[in-house]
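Chains here go by letter, A, B, C and D, matching the order in which they are written, and residues are numbered from 1 within each.
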């Protein structure tokens, strides 16, 4: 396979350069703080802080989720690498308005190690820090081992809800409570069909035979439930939903959800919409009401092919937070 | 090359099924009208109508641009095929609130033939129809032959401005005037590096040697200025901008523009942001002020790789229209 | 006859898409098949006594409203324009066949503004329509054979032309050597009609 | 010595990434190279009289703050934890080297909560640190050779383990047969140190 014709400069400088570009995309709304944090300008004094983050290369998340009624800042690592602790610290310092900061990120070993160290450093400097880990990927561990689950596309509704909550929360504890609820009410499952590539090596992130797709595979190609034959959207959609419905969170008739159909990169909007059509029909059958729908490449892994379905169950409090407008490079709601 | 593992059902039913999915994505805001038009619900009585449209397979455009302060409706064809005239007619009838309809679409032979026939049918039914063709792709014909130019990603800012104008315009003539200005103030140029594929055949839309990219190539792989060696983002960005600045629309110091950096599909947000970084620096050098930035896969051609840069020059009237919020599946601005 | 044409085009889907891939966006066969499936459906709903021009008209409407793309209008106009030129005829003879093709060709050239030499299906249809005028003195079967041969000649001649219309126009000289996809369709349509008329 | 280690890791970039590709996300070599380039830069800024533990500490800080990922913290802790265990030493001997490795291993296991057998770099470092305790009676050069060999043995042993931590943990049995990428790095680091000490 020939090296992909990526439109980049130094393959080792991609993360740094894309952050510079992202600041331009924010066009004055956010800035680059320190070596690798994107931080909102003009944060309201006293606001409870929300810091997200993780490895780069998954654009438009995480750093694209910084915005009004979204995250206050994002600590960004190199491609597929958690940000080092001092970048986390710089982000925390910039975001902190005196009332503490919530760290909210995907449950990956590298992120936990670095954010935890960053939290230690921040606490040493008198900044109150709490952490909520995102672990929405159902197939990555059984329900009694949630702390082993990965964070995948469900992070988008979770950060949206946490961001809305952060502008209203009276204190860090309340933000932790609401964010934990948003996390606990979110379930995702994905499928992968072709790898992305690492810019610095040009190498594919994993390999898959031509006629199979990975059910429940992670966004970097991590193991899932099974390799299954490539199949139609209408065959696949019920399998994915059954994995979510088979988990320990009850979805029953009358429940209201936010539905996200995410592309990992080169899976097209056409395909997402075809899957969405079937998912909606299946939810209708169960009497589950879709309050809002997101569809597109939100959580990607370079030009990887594959998609995921995420459901976030709303209660009255989450629904009110969901309906707040928000604005960012990754997601804007009027 | 193996057939792509697309997540679809019947390859010949993709366009129909994605429209059904799109209606679900609109979640009540828009409906499927007739055989192939997406139309906003609850259009204000007497509003001047705006109908866009074209072939499917380029999602999230065109049909994703139906929305508040955007297009009232979109007439959608099969994959890469202009909508037939009776679908155009159905769209026009649904959109018309008694004060006529503007047809706004990309300048492709098939679209012109079908929309013109649809316009004839609509006029026969007493609906006033005007047409503005989008022809923003600079390399596709010399400046004195603009009517031979193709419409590419510049359609996004043009439809955004026309949509805002359509909610304020006193009559169809005024909408035509403003939309024509938006079109005449927009220039794009793109580059392609790898083909998309036609769902019904699985065949690539074009072929390119491994080490070259197509400068000025169209979004279906149509011929551009030249096949050039694959090169870095920093080398490419000035070449693209020079093509725009070499055209007959003056961009001078102090001008304000909307900048769109578009991916054709599998070119990543990372790459777009790296290009954006350089484009912004070059615009700064010329004293051109970026009023707003859009970056992402707005106008795609399945999983095609490549990107484009579009600039829309704003005057006071267009700037006011640009700043109006809007909401749709394709583009939302708070 | 119209049904036989539909089946022939449907069978040629891949060949026609491949021809369009060389010059256009590779979907001509897909669109023509979509149109011809619609033709078959609509004709099945007609009763046996439907007049000839009504059959042509129904086929044209079916293509026009189902295909989309450039060729939906163009090939829809083939049957629609042809039907208009032979109102109320009861049987097809060499004279009315010539009138049909002339009407079809005129309608398409008006619609699409293509001239012979622009490397479109007109380059197969125009010589066929011209041959039909002179061949009107022959039997229908002989005339149809002459017409089909003229269309095939036009398709071959289109290889030597540089496209100036449609999606292929920006390709310029790169279009040399390949026949136009629409001209391939016309050649198939008229060859199938000749075979049908000859009882083959 | 620390500079030689940096060069050895940088030279092994592809090998380390490939090892990570089998089990993780294929970027271990990239991250280690990024860290070691930062180490070289920071060390170049130190003056000649810098004490040994300060050199280790500078290297650890450089890795920790430049690499990110799991291995940024883990390998940063290698030098940082080691430096803490040998405060103020003036020359490295077999005893202080053993103390260094024990400190490094303890720091990493505290940070990363990995136990021997979890298929991480601990499976190379832990046997190396243990070997260092018993080898402390030997000369530094001999001890370093014993330590490097123990680390390489640990790397080989990691092939037979099933990952339970880090990105590879969800792969389960599929991890059998491949050595852990971080264990490969530890083996290179300690082998390079042994070679340097032996004057090779």
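Keep in mind that, in the parts below, a residue touches a chain if its C-beta (ideal position, glycine included) is under 8 Å from a C-beta of that chain, and two chains touch if they have at least 3 such contacts.
Keep in mind that what you see is a predicted model, and the values were worked out from it rather than measured.
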Fill in the blank from the handout: For chain A and chain C, the contact-path distance works out to 2
Problem - Centroid distance [mean C-alpha coordinates] between chain D and chain C, Å - result: 74
Handout entry: Centre-to-centre distance between chain D and chain B (centres being mean Cα positions), rounded to whole Å
Key = 53
Fill in the blank from the handout: Taking each chain's centre as the mean of its CA atoms, chain A sits from chain D at a distance in Å of 32
Exercise for the section: Starting from the mean Cα coordinates of chain A and chain B, work out the distance between those two points in Å. Expected result: 28
Problem - Interface hub residues of chain A, defined as touching at least two other chains - result: 79
Completion exercise
Chain pairs satisfying touch are A-B, A-D, B-C
Problem - chain D partner contacts - residues on chain A that touch it in the complex - result: 12, 55, 77-87, 108-110, 113-114, 117, 140-141, 148, 150, 198, 200-201, 203, 205, 218, 220-223
Exercise for the section: Using the touch definition up top, name the residues of chain A that touch chain B in the complex. Expected result: 2, 4-9, 14, 17-22, 24-25, 27, 56-57, 59-60, 64, 68, 79, 191, 193-194, 199, 210-211, 213, 230, 232-234, 236, 265-277, 280, 290, 292-293, 295-297, 300, 302-303, 305, 307, 325-327, 329, 332-334
Completion exercise
So, in the complex, the side of chain D touching chain A is made of residues 14, 17, 21, 25-27, 30-31, 34, 64-74, 111-112, 165-167, 169-172, 174
